[in-house]
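What follows are several structures.
In what follows, subunit A forms one complex with subunit B and a second complex with subunit C.
So, the complex of A and B:
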């Protein structure tokens, strides 16, 4: 089942790149294929959650020689989430008319890359799939092909290539330290490695993923890119691609380098706090919707970092739950930003509620698990921080809601296609549903956190 | 830009040896030094030489560069097929046929095993992509000059 989804999306991506994506049937094929891949991932997820991790070694070689593909609770959760986000963004673009012949193929390549990345058990393979997803993202950023988008694509590519090089150095260093690229073996052997070298490696990997996530000192590229690209692409970047950062920090920090993560907890708190405050303040002061959302994205990842710094089952579970909710929030808000009409206003309000952490939207749940996590370490400062951050996000989400959806429109606007609006309303419904019935999501977070802590052992 | 007769003759003479070396590296790659990637790069360098020596228009007349996209994606599909087909027999991805320790059919010194087919796919992908990129750049330069 691992290979089914991976093989399907990949083969389709290759076939689609030979076809003209502007034609209606091609968009339909892409949607159908991606939906099948998504269904496959759901089946795989079911297997993983009932029978434990699924492993396959390429070529039937003994483990340790062959390259492993491994699906555990954490990987499958992120894979389902990311492919789901891409599926919705692709559907959104398909109903409003695809303008570029390569768009469906690129979205598919991104889905293939992300699926592979979340389901691999090999550090170098992780890098390879990561690059596949990133290269598709570079090209997607340029989608629309106006000067603004090309500028965004250029910034995005340059900054993220730097991140990739750093990450590759980190992987090389891990191999040097442990003599293996298999994630489980690295986790076993890294404790015996020289502590200084391991710490340096951890820092390189941390910086690489922070660049992808757009954390505070590494955020400078993010607003320019998110405001430049099209809504659907922005949704893919912040809803699916940014998951690489949170997943990578969980996998490499929580599972492979746990000691180094503990050592760096203070740094994580400081960076997370700065990210939250800086992102929120900048977002409050911005005028256009996409800019507010971009800065809000910087703030939101700060929370994930804080949860990671807290660590342990509670912290990691909080990080997973928050990452899921954040990704759905961003998908909803960015898609809604590109539409007009009454249903969209309501959907946007749900998204804004969710970002601010107001019940009944799912964002409340995210804030709640973070509260629990900070209470678990008995830190008053963290509780206060989450409260302040929440209040600030409340301010900026409603400022923007007022400005965009309440203001009487100066010129007549075109109401967007009803299918696109229904799609957005569907995502909003999902967020409300997750907020009203949170048990599955919480259980998911706990299972994923357990997978991190066990080092993937069943 | 006009190149000398010497350059053009050398470029033409070097094309076939470059392709032969690429082929040797490709089919011997699995057991010896080399693989599809290296072979693709060497063959593409041979093509690049033609572009430099003869210019964009002449090079395009000489060779079927229009097909490079098909070659590249065909190669990718071929490699994917080699990786995924064993699944239909219930084996792990990338399983060798014939497997380790089994009898291999020889064609001279060439061993007929599925990894070679995979490498051929990689070769097509690298070669197709590289020549396509060279062609695109050459065309852009050509357009600016005229």
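So, the complex of A and C:
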């Protein structure tokens, strides 16, 4: 199933890059292919959750020689989430009319890269898939090809390349310390490595993933990029690509370098807190919708970092649940930002409730698991922080809701295709459903956290 | 040998970072290329070991050098190559739409555009 999904998305991406994406059938092929890949991932996920992790070695080499592909609960969760987000964003773009010939192929390459990096058991292979997804993202950022998008693409590419270089250095250092690239073997051997060198490696990897996530001191590129790009691309960047950051911190921090993560817990709390407060305050003071959403993205990742800092089964489960909900929120809000109409308004309201953590929407669940995690470490400060952060996000999401959807429309907006509006309403429905029936999501988070703690062992 | 490679990597990385902070887009790209080459050298030095070339059949009892780092570096070089091409084409597109390679001109264009968006929003309120 791993090979099926990876092979399918990969082959389709290559084939699609030869075709003109502006034509309707090509968009249809891309959607159908990606949907098949998504279905493959769901089957794989079912297998992983009933029978435990699926491992295979590429090319039929003996284990330890060849590159391992491994699907465990954590990886498969993130893979399903990210490919689902790309699928919805692609569908959104396909019904509103794709404007560039490369768009479907690039979205497919991004899906292939993300599937690969979530399902690999090899640190260097992770880097290669990571670059595939990132390069597709650099090109996608330029989608639209006006001055604004091109500037955004250049900033995005330069800053994230620096992050990639840092990550590559981290991988090289891990290999030097442990003499292996297999993630499970690295996790076993790193405890015996020299502590200072391991700590430096952990810092390099942490900085690399924080850059992807757009965490507070590394956030400077994010507003310029998220406000510059098209809504569907922004949804892909913050809903799918940013998952690399959360997954990477969980995998490399929680599984491969647990001691270093524990040592850096204070730093994680400080950075997470500044991220939450800074992002929320900036978002409150902004006037345009995309800017508010961009700063809100900075604030929201702070919560994931706090959950990571808490650590243990409760903290990691909270991080996974929060990452899932955050990426669905961002998908919904960025897509809704490009549309108008009462159905979109209602969907946006659901998204805003979800960001603020108000009960009917799934965001409440995210805040709840964070509360539980902070109570587990008996920290009053964290509970207060989550409360303040939630209140601030309530302010900025409804400020923007009021400004965009309540005011009489001064200009006649282009009527958005009803399929696009239905799509957005569907995502909102999913968020409400997850909020109303939270058990599956919570169970998912716990299984994924268990996979991190056991180093992927069944 | 270890000291020499460490110094080379440090100098390459330093020069690359310096160029990254320049205002000229071409220099920024060259900076990225230098920094990624520093990372490639770092990968090579992560497995610096003396020995024969690891080509099958191996002689018994003779040490071979580590082939894995070389494979990794080769992959990383290919990726860096692709990325430099992509960045160059991006710079070209930025140049054709702004007619300048200076970051100051480009950020001025950004500010102008933002102001026009702001004033439109305010007019609508």
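Heads up, the rule we're going with is that the second predicted complex is superposed on the first by the 458 of 458 C-alpha atoms of A that agree within 3 Å, B and C clash if a C-alpha of one lies under 4 Å from a C-alpha of the other, contacts with A are read in each partner's own complex, and residues count from 1 in each chain.
Criterion: a residue touches a chain if its C-beta (ideal position, glycine included) is under 8 Å from a C-beta of that chain, and two chains touch if they have at least 3 such contacts.
What you see is a predicted model, and the numbers here were worked out from it, not measured in a lab.
After superposition onto subunit A, partners subunit B and subunit C are found to sit side by side with no clash. Applying the stated contact rule after C-alpha superposition, one finds that A:17 touches subunit B and leaves subunit C untouched. In the superposition on chain A, A:60 contacts subunit B only, with no contact to subunit C. Seen from the C-alpha centre of subunit A, the directions to the centres of subunit B and subunit C diverge by 40°, a value given as a multiple of 10 for the model superposed on chain A.
In the superposition on chain A, the chain among subunit B and subunit C reaching more residues of subunit A is C.
When both complexes are overlaid on chain A, the residue A:7 reaches subunit B alone and has no touch with subunit C.
Look at A:172: by the touch rule set out above, it reaches subunit C but stays clear of subunit B. Between subunit B and subunit C, the shortest distance over C-alpha atoms in the superposed arrangement works out to 6 Å.
Put simply, subunit C touches subunit A in their complex at residues 20, 25, 28, 32, 35-36, 38-39, 42-43, 46-47, 68-69, 72, 75-76, 79, 82-83, 86-87, 90-91, 93-94, 97-98, 106, 109-110, 113, 117-118, 121, 124-125.
On subunit B, the positions that touch subunit A within their shared complex are 69-70, 73, 76-77, 80, 83-84, 87, 91-96, 99. Residues 3-4, 7, 10-11, 14-15, 17-18, 56-60, 66, 69 of subunit A touch subunit B in their complex.
In the complex of the two chains, the subunit A residues touching subunit C come out as 124, 127-128, 131, 135, 138-139, 142, 145-148, 150-151, 153-154, 157-158, 161-162, 165, 168-169, 171-173, 175-176, 181, 224, 287-288, 403, 407, 410-411.
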